[in-house]
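Here the chain labels run A, B, C and D in written order, and each chain numbers its own residues starting at 1.
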Amino acid sequence: MGTYPPISEQLDDVESARAEGHRKMDWARQHMPIMTTIQEEFVADKPLEGQRIGMAMHVEAKTAVLVETLAEGGAEVAVTGCNPLSTHDDVSAALDEHPNITSYAKRGVDDEGYYEAIESVIDLEPTITVDDGMDMVAAIHEDHPELIETVVGGCEETTTGVHRLRAMDEDGALDYPVFAVNDTPMKRLFDNVHGTGESSLATIAMTTNLSWAGKNVVVGGYGYCGKGVAKKAAGQNANVIVTEVEPRRALEAHMEGYDVMPMAEAAEVGDVFITTTGNRDVITKEHFEVMKDGVLLANAGHFDVEVNLNDLADLAVAERDARDGVHEYEMEDGRRLNVIAEGRLVNLAAPIALGHPVEVMDQSFGVQSVCVREMVENGEKYDAGVHEVPDELDKEIAEIKLDADGVEFDSLSDDQKEYMGSWQHGT
Amino acid sequence: MGTYPPISEQLDDVESARAEGHRKMDWARQHMPIMTTIQEEFVADKPLEGQRIGMAMHVEAKTAVLVETLAEGGAEVAVTGCNPLSTHDDVSAALDEHPNITSYAKRGVDDEGYYEAIESVIDLEPTITVDDGMDMVAAIHEDHPELIETVVGGCEETTTGVHRLRAMDEDGALDYPVFAVNDTPMKRLFDNVHGTGESSLATIAMTTNLSWAGKNVVVGGYGYCGKGVAKKAAGQNANVIVTEVEPRRALEAHMEGYDVMPMAEAAEVGDVFITTTGNRDVITKEHFEVMKDGVLLANAGHFDVEVNLNDLADLAVAERDARDGVHEYEMEDGRRLNVIAEGRLVNLAAPIALGHPVEVMDQSFGVQSVCVREMVENGEKYDAGVHEVPDELDKEIAEIKLDADGVEFDSLSDDQKEYMGSWQHGT
Amino acid sequence: MGTYPPISEQLDDVESARAEGHRKMDWARQHMPIMTTIQEEFVADKPLEGQRIGMAMHVEAKTAVLVETLAEGGAEVAVTGCNPLSTHDDVSAALDEHPNITSYAKRGVDDEGYYEAIESVIDLEPTITVDDGMDMVAAIHEDHPELIETVVGGCEETTTGVHRLRAMDEDGALDYPVFAVNDTPMKRLFDNVHGTGESSLATIAMTTNLSWAGKNVVVGGYGYCGKGVAKKAAGQNANVIVTEVEPRRALEAHMEGYDVMPMAEAAEVGDVFITTTGNRDVITKEHFEVMKDGVLLANAGHFDVEVNLNDLADLAVAERDARDGVHEYEMEDGRRLNVIAEGRLVNLAAPIALGHPVEVMDQSFGVQSVCVREMVENGEKYDAGVHEVPDELDKEIAEIKLDADGVEFDSLSDDQKEYMGSWQHGT
Amino acid sequence: MGTYPPISEQLDDVESARAEGHRKMDWARQHMPIMTTIQEEFVADKPLEGQRIGMAMHVEAKTAVLVETLAEGGAEVAVTGCNPLSTHDDVSAALDEHPNITSYAKRGVDDEGYYEAIESVIDLEPTITVDDGMDMVAAIHEDHPELIETVVGGCEETTTGVHRLRAMDEDGALDYPVFAVNDTPMKRLFDNVHGTGESSLATIAMTTNLSWAGKNVVVGGYGYCGKGVAKKAAGQNANVIVTEVEPRRALEAHMEGYDVMPMAEAAEVGDVFITTTGNRDVITKEHFEVMKDGVLLANAGHFDVEVNLNDLADLAVAERDARDGVHEYEMEDGRRLNVIAEGRLVNLAAPIALGHPVEVMDQSFGVQSVCVREMVENGEKYDAGVHEVPDELDKEIAEIKLDADGVEFDSLSDDQKEYMGSWQHGT
């Protein structure tokens, strides 16, 4: 039994928190035309009636619109945070006000509370799980296998989560179907590339008051997030350096015109380092030892293990907060290395961080919403394991978005369809 | 029986043609470090000994290095062109000089000769086919099914060819295994994006002496080729307009910052139109009727059906060659619409065209070479049908290229490998 | 006589304010290698000994390093804000602690206090004025002409200030020499282009949580600031639209690949509007009437007159703060127009604004510093009127910066110098 | 007395040359809306009646439209080439057919003929000179000072020419007024940046069949031409490296995100080198010695002295034409260095070169045309020496161009004009 209380029982002034939470959600909803369209449909059709949804997400204004939309679709929802620093208490409180929603998300919760809150969500006995880092999936499989029988399916938002779900699936250890929402073109291109790229850079700039022009920006990893960070940094006139472990990605970065080199070499010339690999120990002791004075270190990958802070603390002779959101480690030789947002996901964990841009999450949560609907309506079609999001769902979201932005596009004529389907043509 | 003679029997001055062909091949080989590396390996190991390879390719200097490499690997090779306008006779003659190679490719061959040449190649009774537009596969399946039994497998280079092979495969009509070389990350990103993009624009610029800055460049289709053309045109300060039929691609172009609109609307504002769809009738009568005076029309897709020249000729009151490689159609109201390279693949068919850049083909043909080797060594692993290129082959080429360009990259530590393979982590 | 008190007399807890101010200045100084170099020189040489410097600037951490540097050079300095919303009280208090500095800058000062503070600065009877918007020059010329005799000269930082000083000069109304610091290549390119561009966009993004990708961003004016905003917005994958009144600038934007159109037309399609003209009434009633729901309106020009807020308030049926730093005006038909930072200079006046990036101001203030030194050492060489910054000073700063960034460059050989100076060459 | 005959007396088949020349000029005129507009005005007004114009220009289709326009304005024109390799004989012959024009330009003329042709032009006793490299100005001042009295003035097209004219002016040696057409915003930005950038890269690509993506492209000099080459190369995904001798330009390139380093260092890593300095010996022995095998060397500056070919020939153990337009120098250690177009202006002198894009020259020659008109109408206003082009002429051309491209822009209201002219505003 979860013993962690809902946010409304934890705040001193719940009413004013809720008011501020609603104001934040108003702003988000105003710039989320996809979710607005889907919410209208859900209100009318109640496709999720009778479902119980357990969610572990970054609880802030945009995610709240997803939570609200699922509740408006008829589901009972319990939600908690997926990162102790990313929750907005006011938004959590506003959600908790909804008759169909209980929110346990609380900023700054300690480790014990974090896992208790997950337990509290699980008390709902979810039929659907929605994850941003597979917390719900893991908790159910590891600690509550008895619930698996009644779970219809799940949705996973992150690259890292999907990566691990696939590993679990390969081990034969994943016992219900999960949509790899992260892997859709909609999610990867728009969320990872544009969302992570833009918001990480803006957060770093507004946390440090420093500029990009002429800087050597080292991007650790050239997956979708790394591509986004590199592209947007180059768009601010940084000199981009990429590190990679996969030869084809390294070559892709090289052909894009970026410098590609091992981290050991990049460490000597970089001014700003941004990790996006999803792996641990991307930047370690050997790198800290050769870095220039005043460098910035930030992480745009899921966990705070990419920049090895233990190594850094070991090397440091002094530490201080140089600025809100900037922790300075002073080396024996006087060099100062500045870590942004404790090496956690920078666009979510920095003091001024706002997470991904609203419109980007609109797309991403649009896919989530129709994936939940699909799981409810056609769950029997999906075996236990990781599933790609069906193309038609992804296209449905793209069409809603284009329509909202007033963008028209062509359609194939019958002759063209016939031509594309045929293979009997000459030169 | 093929009655079409080798190129050496068709030229007046074979010797000087061969000399010029070799000079062209020297230049190509000098800038093809991947093929140089593979050729050294093939010379040493003779992995293709005993094979007979039938090829229909654009026969110019770069492809010639592939043909030569396969021959050096021990195979007997017969080759013909895959487009009547893309053959360089001198290169064809230089190839034909090689003891293991017979080349039937001849520039400007008529329709009858084109198909006779294919027949002559088939006389070799190929064990391997290498196609740039599935000519060999089609000829064997349609006209020489008796050969299928001895065919080990094939390789297909183009988007269009792979598309059709898949359609054929779905119809149960593809009777031997074919590698979809086009679909590898190496091929798609580097050949389609960088190769098609750069060479199409440079060819148009040098055919017309016109500039890109400030021009409305309409790109028909936002697949890999379309992305390349759009990216490179924007990089020359054009104002890029994209037309699409797939909503996710349309949205991707929109989020990139390009204008997206239906062709009917783009037709009114475009200065240059470049089609890359692989489909027919992308630009037709209704579009010609509203275009501005002096527009350029070019095609970067495989076949010459994207710009409907029949429609254009019907509308025209006069035609002339405004310039080498530029055919001008004069409309009744005096507007002049200029078609580059007869609407054929512009970077291959324009008078000054040189095809894809050498380095790009080096990568693409590197994949082809190791795919042929794989088919010979492990052909029994592949059933009849279209096959993805195995990742390891693709990575092999990427590593050779990075090494040749002096680019170093990182590798995963054991701890990192373990971390990426595991799914039991907390926050 | 100025009656406005120094900041230290206005704050409740001066000590903690000073501590925070010093922490902010430490961060700035750490990323200002040019100022660090110059400060070392000034401490050693005391080139400003005996001077009295009156300044009206945006008083925050970076400017504080300039103020401090001038004081360290031996001058007595009095400083006040040049914009009621741009002062950081803690930094102001930290400056006021310096024995050679009196700071009157206070955030949120009212109109009366604003001008009284200028009077208090003038009580110092400045020999040098340093302006960011010609407040000091105007006050001395209009209200204290008796001081002109003892003024050695001035420096002006902004485009707008220089523009007006030139108008004043043409009217024969400028009675002492002023360096147009704004007009140097160093200032225009780095401060206006990179500084205004990057910081305006990051401030808007972090104030609204919205993204740039795929947005129609209308940039009012294509001077240096407009070029910067356009370039950086395009670098974030916005679709940039430029409005201009000067045909050559309009053409320059057109040739860059941007859409150029009148504001009346841009108003209908824009998602975000950013004015950079230095003029008034760039966006007015006729434009508000046709804008889309949810647009953002921001100003990156000096004064808050570019977006006509009176017109907007007249049209609005309701107003509210949609978000910190975002004021929403609701139109009769339900459309909501969102004004960022009250239409004031967005990268200075928004709640989270930090002003220009540190490194950019390092360059700009480096030029200011050596210009003040030049005025002291060689003031007699400059007549009353606006003066270009001597090339050698500008180059001095560039060399200090390149050296600090570890960038080496070439120098001309004697033969090359001779060649460039000669005009007697054939083909 | 000039003894060099007009082109029509030098060709075997003048008629067919003229026909081809006219076809080339038709194409150019079709894409030169500015010149078309001005030519209509000149035909109507005959503003140049009675003038004799001596020109030394690159005689190809676009320049021919300028020559023709001046003749249509009523002037008698004599023209010769300004570079032995840039003349198109057919265009020269077509011009020579015009009753008001005599053309002496001949491709491949030897040194003696080159100067004799200039003498033949001078026989016309020009009242106006129009230069692309100050050949006419130099010849008149050095060899025919007696003509100076009757010269009204001149126009100079190139950066290099203007540079030398200024040196001459400073020596008191320039005896009639010359417009520095090169220095106008119209010329510098569009011709130098867009024209040189695009055409140099396209020419190199189509001469070598090589690509830009992932290449280290070293740009010698970061003036307007260098900026253009760097910008367009980066736009093709090259990794741009800039060398400079002026610290502010070096810093500008650094802040743009390019690598900046001395040529001695760049020489070791560059794949392609493009010089744009206007100076000599930018690349010399010490650089050739460390270059990689297979590098390309090209020049986009006026004279062929930037890449020191004497040094290169001294080092070479063998030379050959690797390709049309590519001369290969083999070093003792086997490395091959490839010089494009003999180190001459690559976009004019390569075998396939077409010079600047048509539209760019349209702008540049538009300025030339109205400058010649201004010199005739108001020549007495200009003293001997170098003169900036009056702003109004430059704006006239910009407005014609915007109008032709269908681009509308705003104009200042009276209130706005008043505001910009005033200096008495508060905050």
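By definition in this document, a contact is a pair of C-beta atoms (placed from the backbone, for glycine too) under 8 Å apart; a residue touches a chain by one contact, two chains touch by 3 or more.
All values reported here derive from a predicted model rather than from experimental measurement.
> Find the chain most remote from subunit D, comparing centres computed as mean CA coordinates.
Between subunit D and the rest, the longest centre separation is with A.
> Looking at A-D, B-C or B-D, which pair matches A-C on over half of its contact pairs by residue number?
B-D
> Roughly how far is subunit B from subunit C, centre to centre by C-alpha average, rounded to an integer in Å?
53
> Which whole number of Å gives the spacing of the CA centres of subunit C and subunit D?
Each chain reduced to its C-alpha mean, subunit C and subunit D end up 38 Å apart.
> CA centre of subunit B versus CA centre of subunit D: separation in Å?
The mean C-alpha positions of subunit B and subunit D differ by 37 Å.
> Show the residues in subunit D shared as contacts by 2 or more other chains, in ascending order.
190, 194, 213-214, 234, 237, 254-255, 405
> Looking at the complex, which residues from subunit C come into contact with subunit A?
23-24, 26-28, 30-31, 61-62, 190, 194-195, 198-199, 201-203, 205-206, 208-214, 232, 234-237, 294, 322-323, 326, 336, 352, 354-355, 357-360, 405
> Which subunit D residues qualify as touching subunit C in the complex?
82-84, 111, 114, 133-135, 138, 142, 163-165, 167-168, 171, 173, 185-186, 189-190, 194, 243-248, 250-252, 254-255, 260-263, 265, 278-281, 303, 305, 394-395, 398-399, 401-402, 405, 407-413, 415-416, 419-427
> Over in the complex, which subunit D residues touch subunit A? Could you list them?
Subunit D residues touching subunit A: 213-214, 234, 237-240, 254-259.
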